[in-house]
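The two complexes that follow have subunit A in common; it is paired with subunit B in the first and with subunit C in the second.
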Partner chain A sequence: MNEQNHDVLPRGVSQQEFQKAIEAFQKLLGDKNVLTRPEQLIAYTKIMMPVDDAEHAPSATLVATTVKQVQEVVKICNTYKIPIWTISTGRNFGYGSAAPHHRGQVILDLKKMNKIIHVDPELCTALVEPGVTYGQLYDYLQENNLPLMLSFSAPSAIAGPVGNTMDRGVGYTPYGEHFMMQCGMELVLANGEVLRTGMGGVKGDNSWQVFKWGYGPTLDGMFTQANYGICTKMGFWLMPRPPVIKPFEIRYEHESDIADIVELLRPLRITQVIPNSVVIANVLWEAGSANVRRSEYMTGRGATPDSVLKQIQHDKNLGAWNVYAALYGTQEQVDVNWKIVTETIKKSGKGTIITQEEAGDTQPFKYRAELMSGVPNLQEFGLYNWRGGGGSMWFAPVSQARGNECDKQKTLAKKILNKHGLDYVGEFIVGWRDMHHVIDVLYDRTSREETESAYRCFHELINEFEKEGYAVYRVNTAFMERVAQSYGPVKRRVEHAIKRALDPNNILAPGKSGIDLDTFEE
Partner chain B sequence: MFFLKDDLVVKRIFTISMTLSMALFILPAYAAEEAVERDLGNSGQWSGGENVYAKVCGYCHDTGIGPSIKGRQLPPEYITHVVRHGFRAMPAFPEPYISNEDLKSLGQYIQQTTPEKK
Partner chain C sequence: MDIQRRLLLKGIVLSGVSGCLGWANPSVALAAATNRAQSAKFFNPETTLLLVNGETEHSAFLQGAWIAGGANMEVHDINIERDFLLLLQRRIKEMSTEGCVITGLVDDASGTLIIDLARSTGACMRWLGQHTVEPEQSRHLLYSSRVAGDQGGLFGHQLALRGFSCIHGSHRKREEQVLEPILYTREGVREDAQWSTDLGFALTGDDLVDFSEAPQINSGSVAPLNGHFVSFAFKIQGVSI
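Moving on to the complex of A and B:
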């Protein structure tokens, strides 16, 4: 490619100005760390959303390895008005993957900043750089025989704690609400300054990873799902690995059981009898994760009929709903809580308990047990084979942990998905008082017809849920502006006031969560 | 059930205590301002194609999620293409994630493997 003639440019930046910026980046980072050739950028354009790849094509990628380099990068960006989209491991599948919010943004790839800076086995804390993966951290704990365990999302082996936590992702252990377990951030601001949150700014302090709040306003939250700074270090808490972990499943026969399940589980979860982020997964989620393909049961497009779902449930020995939870502690503690759980289930008159001894190495129990025990795997990617074709978007509305609310959301989502010829593939991840209702909108991205249906479907899901007072907690880059509207005008004005104060040139990830000084209208 | 036997627990606690004692003896008190560029090891660098396969590819290609790619004499150029472009649901991996050198080593490793025993 002629370096004077870039195929893709940032919004409002000329060829000449962009080339000057590229030369400044090359001088700073070295030529090999400024990727501009199409064959170097192609990996960043692989998306799962139902929009054209070209809409999310980057103009270049910068590979930084030190905080100092990141500081210098933002200075160059300010000079030439270059917008950068920062990624840590770029494994945000179903939310935009590694691609930027919109065409032309320069990716700042921090994968090579992958140092595990500090792990304290007594205080059970860690401090890592953005490129560290959960797999890398897991290996570190194993190799050093540290009795600590990780909590991670399903793409555990190849994704990382900084990216997941900064996007407020969740996992499946008692530490599953990851942002709640975050403690101390280091951020490069748009003006090049380095901010450490919490206790991190105190000279000589050693409490950065143990005390979250520091003094005055606690700032960490405003940097998550946001574009006010670039996280270059993050601290978080690790759970001590208990002597006993007892994963188990409760299987329910009928789709209509969801309300009773939630009512049954909520007291156990709030009282911490069951301490982890319990999952209530529907039949298709579990079938997909166990490598069942739709093509084994039917051909042609359209929603999978309930009769087929029942057949799969029967053939694969699954429930219409499958609850996964675990108990943690000493044998005595686990025994006490196991008695409470089993008696509660028995008293309810429905639900079949399956223990690890009964399930053995069968999927999906095995990978669920591993996720609840801090052992990485990628088994849940089996979901992508249900329809095939590489299309996936997470629709993730928040719900109260109430049976009638979950039933209402499930019914509404299934109706809309089926109307567009798609399937309800959903799970509820139980927080203390909330539910992350996570629905994988799976479609065949090689089919233009199904891709267009998926796009329309996602819009309708947002619209119809909004009418009922529901909103998603996180969304892919193609729908960020739309979802920001759900949260009201005052929040948006405040967000943009902060953006103007901290990043007046709008260089940090414009468009993230709908925050973009160029396009926002009061 | 995951069960750590008592003697293992004792051994681990002893090992950790020793490690900690030594660490405290050698290192100054940990402070936020010192949290720079230190690397405890396991630096995230791949140690060859087999390592990349085990830590990335194998999670899907040895478990029935992706097709088996061992023992098929797949040319390294094909592996390179799929890793960089992705394929349907398979994600793409850019250079900072898997370098050109590691990708070459990965391709050679996969080409030389024998089929997995069923």
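Moving on to the complex of A and C:
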């Protein structure tokens, strides 16, 4: 291998030391699995955040195929003080994509570790490697005629269960709180040791994927949204596919209806009459997902006026709010719950129910019904065409499942977004007692003006929500340090104490969730 | 439209297309295309998959691409349906042993998926661009010429010749700008269709692309391509999908 002058280097690492590390990686993984040329790295640099691409440019990408290789990679990283940013499928669009937290980090890409190790159709469990996608798993279930159902996020076909769960993502079925359904992890620690959580450390054990807690402290949670280990296997629970799935929509005419919707739905959700993670999506989310473009209605900069939103609502037969839920079970079970749901809606005096039979194959109902039924699709990528220009950031504050809280968050978010000339494109995902309020901050990255507005807007959203006692549950790499501050100094000190204990050389994903031994100040 | 049908080679007949797309001189364009096709075959023995959708499918972009890309080109109208993506992956896999070039101009939704496909297949990116063409302003975000290859740099140069301003993403030293895009902007001018022809010509052309050979569009007879688009070109060889 010829020596190469590397254009991008890890923080504090010289050309010579980096070259030595690269040669060690090449010896371990083979030349073709060590990517250093710009044309190999450019697709890893494609970000959607309103910051310079250069700030997130990797110095190299490593593609590992075995746990042993991952163990050896971290040893080399310790020797040369090389920081690595691990991705599984790399489809965390809107939260940073596949690009590293900061310039110069080496990406460890686990896409080729994509074995479905085990699916148990009786206990309804799975054990997979990080590169497995939901689409791959769906095909496996179909090909093997297994009566199981997946829960996944909207980029379902290409995202994967390990990455999504490790980032505490959510889905739209009764198993939509993915970390809750996780059971057993295998992790490569920074010193190269392999840790199995739960029952996984017991010799001869066969209950790793059925009993979460094991013995002593339960460690799984501290490895999610963290940089204490590299997950190389994950177990999780699958829902038995019920004989009947009945997806439906409730359409509401007015933006001000949100408080009533939440108050109406919460009892149905907590009592499990509606068992899935219900979605309450606003008109622009649904229009964008159905391939409606802003340019069809207006040109020029600025937020889309309410009058235009009403026009879109009318033209595309959408609600100001569009609630998607589903019932699952035998026909008898579904019939009973359907009666409860329809009577509750009728009694409330507002909301129009649309059934699958009425909606047919129209979008966005079709893709929503598929997501609630465990069928992967890519329809929601249509949102990127609403404004165009390749800018997207998810702003995801959490709230109680109370009407007044949701109304307050929606009003605050819309006011800030509109002030910066951007649109409120939002949905609430109803947990059992919480709401994941997810807003797609869409903007045009080719416009410097709009990109700068988006950056200022995102900062203001975090600041103003924080003043009201709200914080986001997940954020893109450019804002991780800022959001970590919202959760208080004690939590940060504990997180960094753990980091010092497990990864003293700070080689695993420095900066993830604001945890970085090089920059943290007590 | 049926997915299988969409994946079929569209088999555009060059002479037929030249007659209906408002080239300034169809016979000259056809002769140039023949020459280019021969030279393109010499420089690019791989098959090129040209991906388009929506407005780009009917734009002058296609003609610029066809002129420069020549004989070994398949044109596909793409979308974001999962079944379509699986079929596309299968087609790429079939061709990856011998090597193929995937190139095109598509909307943001499809562009996001295609760039991700390039990354996940370990492809070598020759070109990556983000384009916005509005009535009063045009903006082209192109990754630097060292990354994009000479075609990207030459297209940027062509934009500069047409009066576009050039803005670098940061103030880093030139040798550190390798993974940074360069923004080309122009205000107060309503773009005609020529930009998309030049883009297609540059994208599928070789490293010696000469814009004097690009087809010239009669602005009155071809609708300009307005909106937001992603352009790309990457090479896939011997990869696992």
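Keep in mind that, in the parts below, the second predicted complex is superposed on the first by the 518 of 522 C-alpha atoms of A that agree within 3 Å, B and C clash if a C-alpha of one lies under 4 Å from a C-alpha of the other, contacts with A are read in each partner's own complex, and residues count from 1 in each chain.
Quick note on the criterion: contacts are C-beta pairs under 8 Å (C-beta built on N, C-alpha and C of every residue); 3 or more make two chains touch, one makes a residue touch a chain.
Quantities reported herein were computed from a predicted structural model and do not represent experimental measurements.
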Three-chain arrangement built on subunit A, subunit B and subunit C clash or fit: clash
Touched partner set for A:297, first subunit B, second subunit C, both or neither: neither
First (subunit B), second (subunit C), both or neither touched by A:38: second
Subunit A residues touched by each partner, larger count belonging to subunit B or subunit C: B
Partner chain in contact with A:136 - subunit B first, subunit C second, else both or neither: first
Which of subunit B and subunit C A:338 touches, first, second, both or neither: neither
Touching partner for A:179 - first (subunit B), second (subunit C), both, neither: neither
Which of subunit B and subunit C A:432 touches, first, second, both or neither: neither
First (subunit B), second (subunit C), both or neither touched by A:158: both
Which of subunit B and subunit C A:52 touches, first, second, both or neither: second
Touching both subunit B and subunit C, residues of subunit A: 35, 39-40, 42-46, 63, 89-91, 93, 98, 111-112, 135, 157-158, 291, 376-379, 381-382, 384-385, 388-390, 445-446
Contact footprint of subunit C on subunit A as seen in their complex: 7-8, 32, 35, 37-46, 52-54, 57, 63, 89-91, 93, 98, 111-112, 135, 157-158, 291, 293, 295, 299, 376-379, 381-385, 387-390, 444-448
Residue ranges of subunit C touching subunit A (in the complex, touch as defined): 80-82, 85-86, 107-113, 115-116, 118-120, 122-126, 128, 130-132, 134-135, 139-141, 143, 146-147, 149, 167, 169-170, 172, 175-181, 183, 226-228, 230, 234, 240
Subunit A - residues contacting subunit B, complex: 35, 39-40, 42-46, 48, 61, 63, 66-67, 89-91, 93, 97-98, 109, 111-112, 114-122, 127, 131-133, 135-136, 139-140, 143-147, 157-158, 184, 186, 196, 199-208, 233, 241, 243-246, 291, 331, 355-357, 373, 376-379, 381-382, 384-385, 388-390, 392, 445-446
Complex interface listing, subunit B residues touching subunit A: 1-4, 9, 12-13, 15-16, 19-20, 29-33, 35-44, 55-56, 59-60, 63-65, 83-97
